[in-house]
Every structure is written in C-alpha cells, then in structure tokens.
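Naming follows writing order (A, B and C), and every chain is counted from residue 1.
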Amino acid sequence: MSELKVKPLKPRGPSAAPASAGVVTERGPDEIDQAELRAEHQERQQHLHASIEGLERETLLNMLSQMVLIRRFEEKAAEAYTLGKIGGFCHLYIGQEAVAVGSIAALRPDDYVMTSYRDHGHALARGTSPDEVMAELFGKAGGCSAGKGGSMHLFDRDNHFLGGHAIVGGQIPLATGVAFAAKYKGTDQVSCVYFGEAAVNQGVFHESLNMAQLWKLPCIYICENNQYGMGTALKRAMSLSDVSQKACAYGMASEFVDGMDVLAVYEATRRAAARARKESQPSLIEVRTYRFMGHSMSDPGNYRTRAEIEKYQERDPVKVFIESLKQKQIVDDATIKEIEDRVRAQVEHAIKFADSSPEPAPEELHTHIYANPIK
Amino acid sequence: MAVITIREALNQALREELERDENVFLMGEEVGAYQGAYKVSKGLLEEFGEKRVIDSPITELGFAGLGVGAAMVGLRPVIEFMTFNFSILATDQIINSAAKMLYMSGGQFKIPIVFRGPNGSAYQVSSQHSQALESWYAHFPGIKVVMPSTPADAKGLLKSAIRDDDPVIFLEQERMYGLKGEVPDDGDFTIPLGVAEVKREGTDATIVARSLTVPLALKAAEELEKQGVSVEVIDPRTIRPLDIETIIKSVQKTNRVVIAEESHPFCGVGAELSAQIMERAFDYLDAPVKRISGADAPMPYAKNLEKLALPDIERIIAAVREVAYL
Amino acid sequence: MATQVVMPKLSPTMEEGQLARWLKNEGDKVSVGEPLAEIDTDKATMEAQALTSGVLRKILVPAGETVPLGQIIAIIGEPDEDISGLVAQAESDAAPAANKQQIEERVEAGQDGAQKELAQVVPGGARTQETIEGQPLKGDVGGQATTGAAQAQTTASDKAQATATQPTDGGNGQRTGGRVVVSPLAARMAADAGINLQTLAGSGPGGRIVKRDIEAAIKEGQQRPQAQAQAQAQPEQRAVETRAQQPAPQFQQPAAASASPYRDEPVSTMRATIARRLATSIGPVPHFFLTTEIEMDKVADLRQQINESDKENKVSVNDIIIKVAAVALVRHSQVNASFQDKVVRYYERADIGVAVAIEDGLITPVVRAAETKTIGQISREVRALAERARARKLQPEEYTGATFSISNLGMFGIDEFTAVINPPEGAILAVGAMQPKPVVRDGQIVVRQMMRVTMSCDHRVIDGATGAKFLQTFKQLLENPLLML
C-alpha cells in the first residue's frame, strides 16, 4: 500500500505548525461543528474509496467481519443484560467499532493492546474468543478472566491483550510501562493504548505522555473521542477541547482521525506503529467517534439530542464501510449475508457457551491474590 | 561478617540483584546522577548505566504506573519513592493496578515489582514529610509489605522482595539508614518474606516492634532486665503476610503484650495485631494488649512536640511495667 | 416468525417499569436497535429497543401502565403473520409470570450464587468465630460465679478464705456490679485449678485478678489441706458434695416440719444451659409431655378386693394411682425434683399434690409422704382434704410444698389431656378416663380396661429419658400392683 494516500485532515505535532504560545485556536474552545464534520465525512467517503484500492480483499473482509462481530456481539450483550444475565456495569462499543478494528488491524500480533472499561470491542478485535468474552460478562469460570474481572476487566495474555482498566486514565501509564519494557528488552514491539477523551483531563495522561516522549517509548496513545465523558459533553469539561493538540505540550507527533472511517483509523495507526517501531517514537491519535448507546446499560443518554445521534448514525461505521466495499465491488449482498450468518452463529455460540459455562468454584475467591502466596 | 549500615546493605542488595537479573531496573527521582536522595543507590548508575538506573521526572503516579506496566510484560522494576510520603500520589496505580491485576485477570498477569523508599518519621520535617504508611498498604490483599529493622534484614529481605513475583512495598526508615549491624558476606544471602524474628527472648512480656521501634524495644528490654523483668522482642519484619504464629507463641509464653509502632494508632497495624492476639490467644492474656503508637496528630515541626509525637524507650518501659502489673 | 417483546431489565435494581410512551405504532416497521418505547425505570427514563426486525403488530401494554419485569408488552412479526396464538399466550397470566420469574431467577441466581460462594467460604470463618465465642465462655465459667464443680469444691473453705483474703479496701475490690474482674489467663487458670474467683482479691488495676493471684491461691491452697479437711467434716458442708463423692446422701432438715426434706445439688453447667435454653424457648417453665397407655384391669381387681374387705372405706382408682406414683417417684428421684435456679432440689419424700376442682377454681391439697402410706390411708386423707378444700378450710401448709402433682379428669370422661406444671414442682401427671378397649394380647384381640396418662415435665430438671423411665415404672406397678410389695 502506498503511503499517505490522503493527508490527515488536521495534521498536528512537530511536523505541523508549532502551537502558538497562547494556545489560541481560531474558533475558541473547540465545539463539535456539525457542518464541518459533515464536510469532513464527505471527504472521508472519498478517502475510504481511495484507500480500499490499496488493500487486499482478505484484509478488508477481515475488518468488516470483526466490525460486524462487535456490533452483533454488543447487541446480544445488551439483550442478555436486559434479561439479567449480565450484572454490574456494561459499557457497549456500538458506534465505535471502526476504532478498535481499524487500529488493531494495523498492529502485529505480538504488539500489546490495553484499554479502558469499554473493552469488549478491543478484546474481540484482538482475537479473544467471543465465547470467552461473553462468559466473562456472564461471570462464568470459562470467561477470559475466569469470571473475576467482568465486563470492565477482560484480559487475554495469549493475544497480548493487557486488559480493560476501570479507573479513568489508569491504563495510560501502564501501557507506557509496557512500551518501556519493549524498548528495554530491545524487541520492536509496540504498545497501543486506548482511552476516552475524558481521560485526557487526568494528570496521569500528561505524566505518561511526558515520560513517553522524554524516553522515546514505542507507544501509541489512541484517544477515542466519543465526545461525552459519561454524560458531560467534551466542551463542558475541557478548556482546550482539541485533544490532538495536547501532544504539542510534549513535542509528540499527533493526528486527528475520523473514527467512523475504519481505513482512516487503520492508516493513522499504521503510521504511528511504523514511527514507534522504526524510530521508537510515541504518537497521540485523536479519533473522533460516537457511541450510539448510553454510557452504560443504565444510562438513558438524555443529555444528547436525537438529531445529534441520527447525524452520526448516518455515518454508522459498519454501514458506511459496507456501502464503500459494495461500490468498489469488493463485496456483494451474498458476501454480506455470509458474514452476517457466520457472525450470528458465532454470537449464538458465545451465548450458549456462556450459559453453559460453570460459575467459578467458591475457592476461587481466594486464588490469584498472590503469585507467590506465603502461609 | 562485615559490619555495615542499613544504607550500605540496601545498596548491596540492589547491586547484587541488578547484576543477577537483567530484567531488574531501578527507577525513581534522583536515583541516578544524584546517587539517591539518601544515597541508597550510590554508584549504581556508573556501574549499570542509564538503561538500568533511571532518573525519573517528579511524576509519582506516572512512574509507578509505568513500573506496573513493565512488570506486566516481564520486567522486575524497583521503583524508589524519594520518601513514601510521595507514594500517596501513586496509590491509584499501587492499589488499583498492582494489587489487583493478578486477581482480576484470573491469574494471567503477575506484577513482580518493588516499591521502596523511606517511610515514617524523619528529623523535623513536619507533617507532610513524616508519616508511616504501612497500615495503608497492608490493608489491601495482593500487596506484600516489608519493614526491615537491621542491616542484615534490610539486605536479605530486599533481595527476596525483588525476586518475589508479587508487588512488594518495601519500607525503609530514614532515621535508620545509618544504623550498623553484621551482614553475612554470602552474595546469595536472602531472608524469606513472611517470617518474624525473635530479636530477644524473654518470659514476662512480649514487645512486638517494627522498623524504628525495634532498636527502642531492645533498649527498653535491656533496661527492664536490670529491673528484673524479662522481655521478649519480636519483629514481624513482614507486615503482610504476617507471621502471627510466632507472635502468638510468644504471647502464650509471656501472657502480656506491648505493641510499639511509630504510625498513628487508629486503624493501624498495632490495632490489627491486637485484634488477632485477642482472637487467637485470649485465654493466654493476663493483661489487655497495650499499644505505644505515634501520636494521633499530624507530625509537628517543633522539636519538643516532635519528640512527644513519637514512641520512646521510657514509654515502652512504662507500658511493659503496666501490663506486667508492676 | 413473530416474537414477543418483554419489559426489559434496564437497570440493575429494576423490578417493574412504567411504559412512558410508545415510539412506534401498531403497523410500523421496526428494525433491530430501533427505539420502540420509553420506559420509566426506578433510575431514569430509558428507551426499550427492538431486538428483532419486523412490524410492530400488537401493543399489549398501553402508555402509562406499569408492569413487572418480563411482562410481554408487544409483539413484533411479519405483516401478515398469524399472531393470535402469541396474543392469547400473552394475555393469559401464566406466560408473563413465567418470563418474570425466569428473569428474576437469573438475577437472583447471580446474587444467590455469590451468597452461596460466601456461605461455602465462610466455614473457616465460622470456625474461627466459634473459637472466639468459645473462649469468652471459658472466661465466663471462671469469671461468673465459677459455677458448678469449682464452687462446690471450694464452698467448704469459703468462709475461712474470704476472711483470709479480704482486701483491705473494705470489700472485694475485684467485683464491679457483682461481676468478677479477671484476666482471661487468670480465669482459665482458676477454672483449671478449681479455684472460686469470688473468693479471691485481685492485685491488678481495679482489683483485676491476674496470673500471680491465681498462682498465690494455688500455693496457699496446697499449704492448707488440713483446714479444708476439717471444714469438710462438718455435716452441713458435706451436703453440698456431689453424690459420687457421697453415695449415701444426707438430707437437710427443712425448717418447716410439714415440707419434705431435700438435698440441693448444684446446677451443672449443662443443666444450667438446658434450663436457660429451654426456658427461652417456651416460657419460664419449659414443658414437655410424655404419654402412655396403661392396662388397668389388675388395679380394678385390686380396688374391688380392697373395697370388698372394707366396705366402710371405699378407695378410688385415683387413690391407687397416688400410691403408685409415690412409690415410683421414690425410685426415680430425678422426677421428684424441683429446679431452684442455682440448684436442682431432689426430694426424699413423695408429697403428692392432688388437684381438686372447686367451685371457682382448682386447688391441690398435698398428701405427704404418700409412698409410706397405705392406699386406705391415702384414700381417707384425700377425701378429708377434698372436703376441706371445697369448704375452703385448707391451711396453707396443706396445699403447698408438693413434690409432684396428679390431676385426674377421668370422671369427666376425658380420654387424655395435658396439665400445666405447678411450679416449683418438676412434673404433673394428667390422668384420663379408664375405659374398655380392644387390645392385642398373645396375638388375640381382647378387651381390657385402658387408661391414658400424660406427664408434663419441667425440662430444666427432667429429660425425656428420665421421665420415660419413671412412667415405665409407674405403668409396670399399675399393671402388676403386687410389685409394690
């Protein structure tokens, strides 16, 4: 694939114009400008068509399958939650599929992935079995964290998935440490960490970016900007709401990417991964995305207008990707149906597996507290 | 056996473990070029280089988290807090990440990390720089808490802590860095975690002391011996896991207990010890367990007030005489 | 295929939801994920989304109604599909209830699961707790009145020791509101050595008895065996010794000559526990009941013989029952007993209270030492007492101080009943009517005079087996009166 088919819409970081001392942007505190976003989306549509040409059909179909899998899996999880099979918090990834799928597709299997509590999509994109993810949501022994972690703490060591972490921003220094270890051991592995835009306000985000750039750690920081920290709109919580600009403070490369465009995310991550692997340089990628559901299953999402949700649903990443693939005649209805059927079977199987998996044994309450227990 | 200070013993332990295992690295504020705020890491930068001995920015939460992340994928970080007062900034990563990672991943990710540095009172540095935090950390399952009181213990326990696969909070004492004692020359000398030591044998009362109060308790025991009172002094050395058996055995023999600690009394380790002794050796107690703790007040700056806020030999002696009904 | 839409669980604590607003009308097309309706939960107003695509065929719950979790609220299907079956099913009560139950069971299974796990993990904890609770109990044994054996062993020397160790501050300083203050270790040592803590003065703060006080007491005790032996030689003191030590018990002579002599035995720890627990379970006197059926033909014959020999003084069956009961009581002293809080009192004589119905109540005159009297004597005495009772001429000593009572309602045709114990007696026997009944004897059905009796027992002194043994003897004696001789 040729490099940089389309330039990033808002190039930032060292290669871009340096941030002015006063950090003033032309439109003041950033707001979600719908008109501008639509224009961007238009441009992205063309970009999507263009970049499809550069990719193998198999790669594209894999991405599509994963996105459909995450969508259907999450729908099923929502259903299971309403039926009382899933307890506690359940943060769904519907609407954001392009982010995890596009970025993880750009990584190697031996790279490391870490994320927040909205982690179902990342685990699935990383290759964790839907059976084990669903069983974990059900709190069963067959879950990927043996039923002890739950929805917010999926872990899969074999797939280098280092977990969902439930303190906002808590995973950012951890992933920085993973990158530190990769560099320390001299492997060319990359550490990729996801967090919401609200985590950017945590001190540890800034502490981590500082260390990563200071010590040139191979870390990719992906901010999934779904524009709401729980129920608080970004502009109500962040003085400078252009997240990608935060990298300037640390002299770190950064990009702004349309999170509804799986291939844009893929390409940006590819660039960042290459930078990390070859130059041992970190990157910050702000991915503008949108969650179609509430913050969690018990959030009605009253703080958003229907009009706003509908605008984004027009740009449903799964729908948009399918349309583009069809236009480019990569897939036809039969292929789509095939994928849908396969995914449905996978998800049904996951539910069956989770239902039939046993509860953790009572003695599991006291296991895995210490790796070297001392009596 | 060489006679060295606790500072030198810790330095030896770090050097030996850095030599022994390529995955061990030391990170913290001023550990490298400055040679350590308390010179514990003296000479290590020259010997092991910037890759292994890393000066960090003043960013406790950040480098604590970085250490935990590195431990997730196989390194064995030794993270130095210039003092444990600053670890309070890092507690999210210590408690929410390090302590719980193995558990919530269903056993997939162990965290072999040591957080070390001076804990407890220093000399006239007032409230924010003089506090003992062991009860904070000991509260959480998933963390081990170690508190040496002699050069030999400091060396042997730090080496074990670095080799351990769990997160270890290793609490040194600033006032004690210069304390001298014999340390075995054997390069592979270690002391297992979770084993208490009877520092002195006696029959009339038991003093359970740790860190700063161990030398105080030993001096009190000497003085009491002159008064005809035979005192046993036990240093648990590891607060979690706690070697309660050794303590209970002693209580069954002496029937009286004094707990000496410099931390605040409320919800402290002394309170836990007292509860366990009551639960497990009630029928052997001839007097209520007596605690001599640091004052239930922030540490004052004024020298006279600071002295009042800390346990001393006189108070320990008075406590022993009280429980022995003398 | 048409599917049912159920009231979804939209929050962790939701049990029912109010259908705030339908967002689709019947006949509208819906697809997966599309909002169908707004539901008010206990937390917020939420959207219920379609889980299948199709046409909203039927709305079963109108806006504004509140329905439980799992209730079928709508049906989605193909435009021309027959949904009458589903509608009928939904409108019957069973289906929604089953749905709700299913959801609730799942939710509960989650919670129960956790509880079960806890319950299964707890045993270790529970054991610890038992140990913890067990230890203070030990302390209590020593601390509170030393109880049982220890007290019995040391009562003899109480006076001497109390004088010897009386603290100078003018009283036993270690007692705070009657409670002995003692260290756990000293309490245990005292219990082991059989030392009554009440007799010691503590040398600890506030008079706390501590290790060295017990050590001193043990040392002192070893130096004074002589004094103790002398104390034990006094007959009055010997009365408190256990029966094991004193095979031929001597009984205290009571002050009132009309009452039975008795011996007091300290209430053992077990006995105290039985008393406390049973009393807590039912009232101050924990009753239990034993019933047996007795063949009375020989008693009837005996009565006939007696009455034929002395026509002036006719005896009743009840008189014979009194005699038999008295004989049996002397053989089973555990039943001829009374719970006296700190001691169980065993009576030497069987003083039988005989319930007599009088005009506006009931009184139980007492036949003293009934075991020593002939049936004729008993008969005369009962008759005289009953007459005096009806005339309200009984003196208090004539109707108090029975050791056992008998209540006979046979003359009223009562087959069987239970009587309430007259405290402080240990038991009462309720006697029913004697009547012919078919019974099997040697494989043949024959007619016998049968009588049912029920003994109410005070469980603080009488246990099931001791009561049963008494009744066994009672029955044997009535069925073979010659055995009394």
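Quick note on the criterion: a residue touches a chain if its C-beta (ideal position, glycine included) is under 8 Å from a C-beta of that chain, and two chains touch if they have at least 3 such contacts.
Remember, predicted model here, so these are calculated numbers, not experimental data.
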By count of C-beta pairs in contact, the leading pair of chains: A-B
Chain ID, smallest distance between chain and overall C-alpha centroids: B
Computed distance of Cα centres, chain C from chain B, in Å: 55
Inter-centroid spacing, chain C versus chain A (mean Cα positions, whole Å): 66
Chain centre separation in whole Å, for chain B relative to chain A (CA means): 42
Multi-chain contact residues (two or more partners), chain B: none
Chain A-facing residues of chain C, complex: 8-12, 32-33, 43-47, 49, 51, 102-104, 106-107, 110, 113, 116-118, 120-121
Chain C partner contacts - residues on chain A that touch it in the complex: 75, 78-79, 81-85, 87-88, 94, 139, 292, 297-300, 302, 359-360, 362-363, 365-366
Contact footprint of chain B on chain A as seen in their complex: 112, 114, 143-149, 153, 155-157, 162-163, 165, 167, 170, 172-182, 184-185, 191, 203-204, 207-208, 210-211, 214-215, 367-375
Parts of chain B lying in touch with chain C, wherever the complex brings them together: 255, 279, 282-287, 325
For the chain B and chain A complex, residues of the former touching the latter: 25, 51, 54, 56-57, 59, 61-75, 77, 92-93, 96-97, 101-112, 141-142, 144, 164-166, 192-194, 238, 241
